[in-house]
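Here the chain labels run A, B and C in written order, and each chain numbers its own residues starting at 1.
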Amino acid sequence: MIRDITVGQYYPSESTIHDLDPRFKIIASFIYMISIFAVESIIGYGVVTLFIVFLIKMSKIPIKYILKGLKPIMLIIIFAFVINVFFTPGKVIFEYRIIKVTSEGLYRGFFMAIRLVFLIIGTSLLTLTTSPLKLTDGIEKLLNPFKKIGLPAHELAMMMTISLRFIPTLLEETDKIMKAQMARGADFESGSIVNRAKGLIPLLVPLFISAFQRADDLAMAMEARCYRGGDNRTQLKVLKYTRKDLIGSFVLILYVASLFAFKMVW
Amino acid sequence: MIKTDKLNFEYDDGSFKLENIDINIDDGEFVVIIGHNGSGKSTLAKLFNGIYLPNSGKIYVNKMDTSDEELIWEIRKSAGMIFQNPDNQIVATIVEDDVAFGPENLAIERSEIRNRVDKSLKTVGMFDYINKPTTSLSGGQKQRVAIAGILAMQPKCIILDEPTAMLDPVGRKDVMRTIHKLNKEEKITIVHITHFMNEAVDADRIIVMDQGKKIMEGTPKEIFSRVKDVRNLGLDVPQVTLLAHMLKDEGINIDDDIIKIDEMVEKLCQLK
Amino acid sequence: MSIKIENLSYIYDQGMPFETIAVDNISFDIENGEFVGIIGHTGSGKSTLIQTINGLYKPSKGKIFINDIDLTDKKVKKSDIRKKVGLVFQYPEYQLFEETVYKDIAFGPKNLNLKADEIDIRVKESMKLVGLDFEKLNEVSPFELSGGQKRRVAIAGVLAMNPEVLILDEPTAGLDPKARDEILKQIEILNKKKKVTVLLVSHSMEEVANLVDRLIVLDKGKKVLDGDVRSVFKEYELLTDIGLGVPQVTELINKLNLRGCNIKETVLNVEEAKNAILKQLRGDSND
């Protein structure tokens, strides 16, 4: 299950999408997110579909890999669909006892599911094509203007980098401790909720201790490498808008414009 | 390069002491500090890097006093440090970004960082992994990336605190080969802290620690030939050294300061 | 307690692009009371193999029999297997979590739903087995102990389950020579006196040479050698090829033979090397 989560993962590959400036990609993702909730017509979704398929093709990430990321949230998507189908009032097209299916419900449920799918694909595309370092760098730069009002942009970004760096390590550790306690007869899977929560203590205590130890070690290692916070620090990789970002913005404008255009016509 | 003068140190809770330590490590030397857990060897390393400060006595790194707060970053720049756990000293998710971390902190110009990162990774033999995620590396490879990260800060000296303790034999060999190369080719002073005796045979000098004191000091041959003393401390000697000793006890005419296999082969072939 | 492994394979991410075969068609039998070393370097599949034997992984192919009970049979309860096969993980001190040494060691027996007085007996017995002083340490927090002591507490925690087979994954990793020798000695006693079947996973040839009866060598998921220690050490070249090497003295004798000596014995330790060389030297002078 843990292996199935693609949101937040990076898929190294050489593509134009990978090369785009993370700041541009973050902003574009926001615009994209707004767009999928603004669109209401089938034609509109056709445009979104074309756009996202185009992006996936450009990113050179296997479509299978992206779809795998949908698996863990399939339940939520189905739930959203069902809720809308059964609880939207309107013209009843099917009825069995208290269950009523309306055509409006079908329509809304379908769109809600599609929206969620597009939302997940879009956001995972951002993280899949942007290395964690670039992503945090992009966030730091976008937050920079807020530094003046006391927002610690660099520290926030550094915290994010380190979290991303340690997620795989801690997941592996969780797996290991869990197995070690199972070998001592621990049971994480059955029993009442209270018992299960209690059963987590043998997992959580060692995990916390190890995480603190790691944090302590890391802090020492960073200091030994002369880390003194964000001031007076240079960077190997400096973000620079390139021609690709310019082309990217044109594509984005085109996308938004066509959504508007179709909305006007229909 | 590193000099301590009547160094004394005690943890706040009084749990551990270092007593009256005088050590002098020359430029370009390869020194191994050996001792079992709790002998004080790791504490010493942290004192060299200014992570801990002495209760009394002085430590000079590159002629700089570690207790002078103004010099601390200069000291850390000239004496880099590698720790035991390879997982807990890598900051970034991509190899080259991690190597760049140190130079970035030193506010070095970008094109220069690029040069240093490439060169350091080539020196430790990890250039092929430059764009790889750090989590995909083996323990030995992680340690070599960590070494590259220190190298990119262009230190005069590298202190390694049990860098091989958590590695398998292959990783251990790779790390040892790398630090010997740095010492020979880049003329970097190496202070290698370990409890593996076989990592000490190629050193210029060995310092043996026990219960917070320096109790032996000398060339590998001088130290290992004191087989009984070393074993009494709970440390190993190379098997061939032990063998030479036993053969000598049996009345065979053989030197008891043999520390390498090939040396032993030569000696025994001469006897025949 | 005997273990029988038949054509065992384990594949990670089966059917995915990153599919890797960790254990590749391995078969072997282990008799009751044997002391077996499993040797291989990182990635040889040794850790995956032992976790399959403990029932933590379900094999992709093949069968595992523990005392003629088929582990791959769905009807067999995994918890019953884990009662009989104790597994000590690498760096087991990371699994300690209780306030006192006593409570931590009692965790396993408690999961077996034993009575308090039985648990008490087991805790005392297993502390004794790993050489920890019960009176002095049972009320101490395990986190205040030294590295070597922590590891013993963790091993005692597994021993308290009274396993008939004990599997240890690199129990000496990261320890200094003194702590290492002490732990190995305790494991030896466990095998010789308590007749526990022991599988010791290691990547150090010097460590196992004097300890185990039999060696199984793994490389890239496959079993490449299996036999008594001496016969395995004869395969000097193969062992060096797969990056494992042999103890210094074994290598020494090999090199001497290349230089014209004729030492037929495979030596495992310094004592044996001394005798072989003395025989050679004195034998020569007698000619």
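One rule holds in what follows: a residue touches a chain if its C-beta (ideal position, glycine included) is under 8 Å from a C-beta of that chain, and two chains touch if they have at least 3 such contacts.
Note that this is a predicted model, so its numbers are computed, not measured.
Judged by the touch criterion defined above, the protein chains are all mutually in contact, each touching every other. Should one ask which of B-C and A-C has more C-beta pairs in contact, the pair is B-C. Rounded to whole angstrom units, the spacing between the C-alpha centres of chain A and chain C is 43. Distance from the chain B centre to the chain C centre is 30 Å, each centre being the mean of its Cα atoms. Across the assembly, chain A contributes no residue that touches 2 or more other chains. For chain A in complex with chain C, the residues that touch the partner chain are 3, 173, 176-177, 179-187, 201-202, 205-206, 209-210.
Against chain B, the residues of chain A that register as touching in their complex are 10, 12, 131-133, 161-162, 164-165, 168-169, 213-214, 217-218, 220-228, 232-238.
Considering their complex, residues 13, 51, 54, 56, 79, 82-83, 86-87, 89, 92, 94-97, 107-108, 111-112, 143, 157-158, 161 of chain C touch chain A.
Put simply, chain B touches chain C in their complex at residues 36-38, 138-139, 165-166, 168-171, 195, 197, 234-236, 238-240, 242-243, 246-247, 250, 252, 261-262, 264-265, 268-269, 271-272. Looking at the complex, you find that chain B touches chain A at residues 46, 49, 51, 73, 76-77, 80-81, 83, 85, 87-94, 96-97, 100-110, 113-114, 117, 131, 133-135, 149-150, 153.
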